[in-house]
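My structure is below; once you've seen it, I'll send some questions.
By written order: A, B, C, D, E and F. Residues from 1 in each chain.
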Amino acid sequence: MDLWSAPGEPIDALRSPRLAHVPTFARLPLSRDLSDPRIKGVFLGVPFDTGATYYSGARLAPTYIRIESRLLRPYNYVLGVYPFKVLGLVDFGDVDVVPTSVEKTLDRVEEAVSEISSRGVTPFIAGGDHSISLGVLRGLRRRKPILVHFDSHLDYWDSYWGGERYTHGTWVRRAIEEGLVRGVVQIGIRGPQFSEEDFSYPRDAPVDFTMVTIYEARSRGFGWLLDLLKGLSGDIYVSFDIDVVDPAYAPGTGTREVGGFTSYEALELIRALAKSRGNLVGFDVVEVSPPMDSSNITSLLASNLLFEAASVKAYQVRYGL
Amino acid sequence: MDLWSAPGEPIDALRSPRLAHVPTFARLPLSRDLSDPRIKGVFLGVPFDTGATYYSGARLAPTYIRIESRLLRPYNYVLGVYPFKVLGLVDFGDVDVVPTSVEKTLDRVEEAVSEISSRGVTPFIAGGDHSISLGVLRGLRRRKPILVHFDSHLDYWDSYWGGERYTHGTWVRRAIEEGLVRGVVQIGIRGPQFSEEDFSYPRDAPVDFTMVTIYEARSRGFGWLLDLLKGLSGDIYVSFDIDVVDPAYAPGTGTREVGGFTSYEALELIRALAKSRGNLVGFDVVEVSPPMDSSNITSLLASNLLFEAASVKAYQVRYGL
Amino acid sequence: MDLWSAPGEPIDALRSPRLAHVPTFARLPLSRDLSDPRIKGVFLGVPFDTGATYYSGARLAPTYIRIESRLLRPYNYVLGVYPFKVLGLVDFGDVDVVPTSVEKTLDRVEEAVSEISSRGVTPFIAGGDHSISLGVLRGLRRRKPILVHFDSHLDYWDSYWGGERYTHGTWVRRAIEEGLVRGVVQIGIRGPQFSEEDFSYPRDAPVDFTMVTIYEARSRGFGWLLDLLKGLSGDIYVSFDIDVVDPAYAPGTGTREVGGFTSYEALELIRALAKSRGNLVGFDVVEVSPPMDSSNITSLLASNLLFEAASVKAYQVRYGL
Amino acid sequence: MDLWSAPGEPIDALRSPRLAHVPTFARLPLSRDLSDPRIKGVFLGVPFDTGATYYSGARLAPTYIRIESRLLRPYNYVLGVYPFKVLGLVDFGDVDVVPTSVEKTLDRVEEAVSEISSRGVTPFIAGGDHSISLGVLRGLRRRKPILVHFDSHLDYWDSYWGGERYTHGTWVRRAIEEGLVRGVVQIGIRGPQFSEEDFSYPRDAPVDFTMVTIYEARSRGFGWLLDLLKGLSGDIYVSFDIDVVDPAYAPGTGTREVGGFTSYEALELIRALAKSRGNLVGFDVVEVSPPMDSSNITSLLASNLLFEAASVKAYQVRYGL
Amino acid sequence: MDLWSAPGEPIDALRSPRLAHVPTFARLPLSRDLSDPRIKGVFLGVPFDTGATYYSGARLAPTYIRIESRLLRPYNYVLGVYPFKVLGLVDFGDVDVVPTSVEKTLDRVEEAVSEISSRGVTPFIAGGDHSISLGVLRGLRRRKPILVHFDSHLDYWDSYWGGERYTHGTWVRRAIEEGLVRGVVQIGIRGPQFSEEDFSYPRDAPVDFTMVTIYEARSRGFGWLLDLLKGLSGDIYVSFDIDVVDPAYAPGTGTREVGGFTSYEALELIRALAKSRGNLVGFDVVEVSPPMDSSNITSLLASNLLFEAASVKAYQVRYGL
Amino acid sequence: MDLWSAPGEPIDALRSPRLAHVPTFARLPLSRDLSDPRIKGVFLGVPFDTGATYYSGARLAPTYIRIESRLLRPYNYVLGVYPFKVLGLVDFGDVDVVPTSVEKTLDRVEEAVSEISSRGVTPFIAGGDHSISLGVLRGLRRRKPILVHFDSHLDYWDSYWGGERYTHGTWVRRAIEEGLVRGVVQIGIRGPQFSEEDFSYPRDAPVDFTMVTIYEARSRGFGWLLDLLKGLSGDIYVSFDIDVVDPAYAPGTGTREVGGFTSYEALELIRALAKSRGNLVGFDVVEVSPPMDSSNITSLLASNLLFEAASVKAYQVRYGL
């Protein structure tokens, strides 16, 4: 009478309807046993939104992403891989965040990711607001990956409201200052800015920093952007702020910017990494805010982005990258 | 790193925020091991709505009731009991329903409830539409309990649409015909009816059948109704159609009738059974339809009704009934 | 293959599910043939909201009231009558309102009601904002009924915004000035007012004017209020502003006031008229605003109020009043 | 005082505002009189969702598609035809489905479509879940058309949950097995699949089976896809699962897949058939689920797709195809 | 062309429709000039939710309470006072909270309230989660009032998640520990608790502490509860957690408990204080969470509670208390 | 303690969180002092929807556009200008419309715009239904600009419902008849039409009238359309009906047409004018209907369109046009 048979094996939808049972990610086994050698990837939730400067609500994202993930099936036709099976993917549960403290939460995120990563397991993370990515990168500090950052916002402000240094708008700068990343590729920037000085930081940053606005992506063409991603190599961490997608496709987020990518493009952007020489060491999709959503389509998109990211990793594992 | 310590022990909200982790009922352990002698009660979901004659959507109820149940704490102050601990309550998962077939689903419900009940375990069930209660009663057929049926509708029609005998509007008659119940107490009937003949069945039924319309309840007084419940004895099965509550308090249901009970009254109606000499052999709350709901308040109410029902059972266990 | 057999005969829900077919009121026949002697009552929609001073949206009320009315069954158990059959009720369709003009719309409402009434047929009307009741009363001017006005607002201001005399806040004064009513009974007034002078008009009005605030109703008791209604006699027109009901029960309205009646009380208020010596010459439920509603519960309540009103009339017809 | 003058003539919006009156499709006449020779096309609703394997709600689609269709005007500028007038289009009402039985419902759908088709009338159908298309094809079995199937899902599974052969995921296989179609053209497939074996059926199927994934459509270009459609000939039946469109444009459906077509493309896909040598023998738009929708935009899109399909047929009638 | 004439004078709704202009509280003047001697009361917003342990969203409450407050008119008929005019009420704007820090936010709340109070001005506050009331009480520390605390929760836990002492569940204990209140009257407690020890704190607290559960209120009767409030004297601060009201009347809050007060009762509870010998030194309504709301009815109720509280103060000013 | 320092200077989001304070447009100063020479542009709301022929709700647009505009920052990166600072932009408040009268409202709009324009100040307007643009053009009659009209509808009908000449569907014809515009460029027309005669008016109109359907735009290419806009010269007034954008991007509008522009394209269409030799004398975005919206994304888009329009004007001011 067990619900699950093995890591990477979801409850079979042809035996048990998709709406049945406790909603784990993709109906995969719930497990915290990292000593199981079959487990090479985990889904991890971070239900936190105290780093948000505008609308809150991202603390509900792991719940709703799990719900909408029940529709995910095991095979990625485009890449030709079975991500769940290849990675022995399980639902690891959530980080026990501290809702009243960004800094304590970052510690707990770091601790969880560090333990997962130290086992050679790749985390696929559902935030939370974007501040949590700093905790993840700290947990991966031995990797010092290139940060591939999809977002409509720059996220490299120094501080807010008289000295708040840990928010969803400052984590990129902190990650660079703390030496956590080898470089940054930022994609999708758009919308009104504070001033033209906003764009000077990438030039002055102590790491390689490539920034691609959506205007540049549109004028150079989407193929050019895919090629840029395919050209990456080495350890890569991908942080995907759902607001890089247009509010039509992803209304459920706190700091929306009109004029973004479509859902099809979002899938292609992730998928392009399978064709790179990069090695995916972790992935997060953040800033999904279910209370702002329309019939959960943003959580649905996020669950598909996690599927694509797991597929990229499985592709790399399977084809020897 | 295990999420749970023992049956009846939810994840501690003072350690891990309530929104964290996979939403099991009341954050209790997920377990299907009925051989564990600590388990005397289980939460069971039946995600099914094919028996509905009007709006569908009840198939989503177990999911959303679990989500809103995260707010439940372990102690019932009014009754002075710890229902989770006393019953060793766990989340058993859902019945693997067959969405395209009422009859096959009833078989599967019967099978699950029969197995649970044969172990001496009491099921606390979240439907699904009301047709599923027939399956539950079949699973409890050795008990042949009195059916305490809260509802705004009669549910004892013979058939619909040229011979459909298994629907959410016919299950009471089927249960009587199949000899599954010792008697029926029906509470809360209201709204327009087909004809005055609708009210003749209770008089002609082969079992004791008490029907209390809401008009009778209001004119005799709520205290009278509580006394009626307190006067029950023997094995009792409670089937609670959420539409007995007013749409203001429970908008999320498929066949709404205005002019119903308040949420406070609903809690009191369940709680009254603790003061009866009846023995609760099972409980269901049905017809919660999340797509019809307003910010999940109906699922929240349902989760509290399940809490009160478990408290009644715990009270009976604890105080020797 | 006809959908309907006769006036007053809805499509049978035991043959055809309630969600099937074009949503006429209560699934009754669509007919504009007032020469049919079987027709003694009609449902009439007035999809209009230009008289509203605050939120608009009531123009959608006839559509959504029809949708939710599909749940109505033919028999009123409390009063013991079959309103559809007794009145040969049909759905007459809507008035062809002029959305950009209150005054032209009032003319069209008057014309429709006058024609209906001249045939001895009783109109049961779904507004529309409350300004439309003036058009109805003009159409019934030969009756000069007592106006029984349920509302949280006074609706007897003289004008708005520099001379606008026809709005949902001025129609009571206009009806009195135009000599359309024999008296006014206003029930349910509450909420903040402009000044204490607001309450002087009833004293000075040229007709009998009884005003009952909800505070008075609560302190004297609901039974007292029912008795007041039962004491009425002669021709009566009932205008029911849905905002007299509390926003919990009727969120879908434009000018909400907290602290109102429950849905159960609303039904009882209408039903009390069956026990009066009054003769119901028409009924409207107005100010339902579907875009403000929560899962259509306000439209559902409105459809039940129309059912109760038709039952009152049927009771009067059946029992010789 | 009749609402309508003739088949194909909607209530004039310049006389009566669009929100007025009972919502028939496009405000066209409600008629079941197929002996009227002016009627060459009918709108038919199938309010059914028991064939759905995931979210329910499609049983409400005919209601909400009718509501949103009130905005449709009579002239198709792009094709240069008047579809309502050319086809004498009327609203035929709905099939009296049996909500608790897929198989009985398929019988009733078949019966209705067969009667309509035997009169030489073309049905334009609003489902319902996709299982209903099997009933339609049975009703058109004398035609044995090519099935043009727009969908994000394959719908040719053999069975679900231990032997359920009639669901929204199996109807294509059943239609082929029952010899109802001459060939299949499937367009828009995407999303995670069960396994790579999923794609073998088209190769082995006993009829011509062309499958175009969205990836193929995107890489070959949309013009290529339009040309494929324009190349069709003979009798054609089009079944349009609304989930082939992206959830941004069509959130109101039960089994959403991100990365789909835009609404503009959807219109163009239908319209392309006007330029083919195919003969449209029927059309359905299915899987619209109003409870999942955001402010009814999916029902609005569905009503426009029905308009385009009727325009294609009118174009064929008008220009001699 | 100025929008406003004087403190306490809202924009006239008979000149300018209620939906026009920037939504200040009750359309009153926006002013930060506390040196104006006409100003004896201010509306103050605290858009903050980082103290919440469950759903977030209360940071949006000041925005939506302002929007719904546009319906407030200047005269309180039940108390016979003009609260805006008597108090010269203005909208003071919001506290510049620090979303990432409860403690820094408490400092800023204290600072604002202290400044307001030092001018002899009474603050009427819209939170924000309940943690902000600690900041308010600090700002009023020279008053050391009795805290009248309406809530379904106890809010006197010591800490959460390993040492978090400043949350919406700990502020009452902090206020007592910091010597900010002379006594506590807690009204409306209900729902599941952690353990029976939860109820021991009031007995051991160093100040007078009266706790009234809703069960006690219901069994003793509502009149008893009103009398309890009327019996208060001395300086009083009222903190009104909107979740003391039932979710039917106030769905828009983060930690809902079924079985609460009605909106009519909530108004009466505040109003009773006018008949006490207490002196209202401040008022807050907290925990309104617009993203959880249904068509803003919770914000509407909150705006009416602020109106009643201002009326109580005006009554005291006017009638010499 | 003042909230604002100077025209064009919003409250700093790095000091005060964006959700704080009364929601003026873009958190800019609220001011009606047109004598201030620093003010060269104003935001003006027109909360009116009585000109709508279908769904109402646009009267709420100024409120919700202000709310969503809080996210706007001061710098337009694409054009390289600071629109708020360059124009000294302030929130002027709303026109005191007359909800029951289109014609009186047009007078008041004209009066306000005339006064603003006579000071050399450019109005950036949030309607309101589209009828209000006629009032704006009357207020700008001395300019007699070219009207650049983005819309999915033609809006040049002669009258509705027996003589209503002032509606959101007739204002273009009225503006031409009244000699208010030098020419018309209409962009984005689509959807079903009444008849082929609908397209004859532009040929017969007494001014230059260019009409571009979306089919033409798509077949010629978006670059062609941008060039058309860049080729304009002289005084230009832009009226942007939000329904020119697809319902996926702008669901919150009353008369939706599927198959429209994306949000990215909408921004580009406005921005193209910066590269023209036209002189922007005013801008409106109309038909935003918050009650129809999904989580306010339409209001968000409208606020960004206003930002782009202000940027175009600032670009012209800054670079000498």
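Please note the rule applied: a residue touches a chain if its C-beta (ideal position, glycine included) is under 8 Å from a C-beta of that chain, and two chains touch if they have at least 3 such contacts.
Fair warning: this is a prediction, and the values are worked out from it, not measured in the lab.
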By label order, what chains touch chain B and chain F together? A, C, D, E
Where centres are the averaged C-alpha coordinates, which chain has the largest centre distance to chain D? E
Between chain C and chain D, what is the gap in Å from one C-alpha centre to the other? 40
Distance in whole angstrom between the CA centres of chain D and chain F is 37
Residues of chain F touching at least two other chains: 15-17, 19, 53, 55, 59-60, 96, 98-99, 160-162, 246, 248-249, 292, 294
Examine which chains touch each other and state the graph shape they make (line, ring, star, complete, other). other
Touching chain combinations (by label order): A-B, A-D, A-E, A-F, B-C, B-D, B-E, C-D, C-E, C-F, D-F, E-F
Chain D-facing residues of chain A, complex: 13-19, 71-78, 80, 82, 246, 248-249, 262-264, 266-267, 294-295, 297, 300-301, 304, 307
Show which residues of chain A lie in contact with chain B when the two form their complex. 1-3, 15-17, 19-24, 30, 32-34, 45, 47, 59-60, 62-63, 66-67, 91, 93-99
List the residues on chain C that touch chain E in their complex, please. 53-55, 157, 160-162, 191-196, 198-199, 213-215, 218, 246-249, 251-252, 255-260, 292-294
Where on chain D is chain B touching in the complex? 49-53, 55-57, 59-60, 96, 98-102, 104, 160-162, 164, 166-167, 291-292
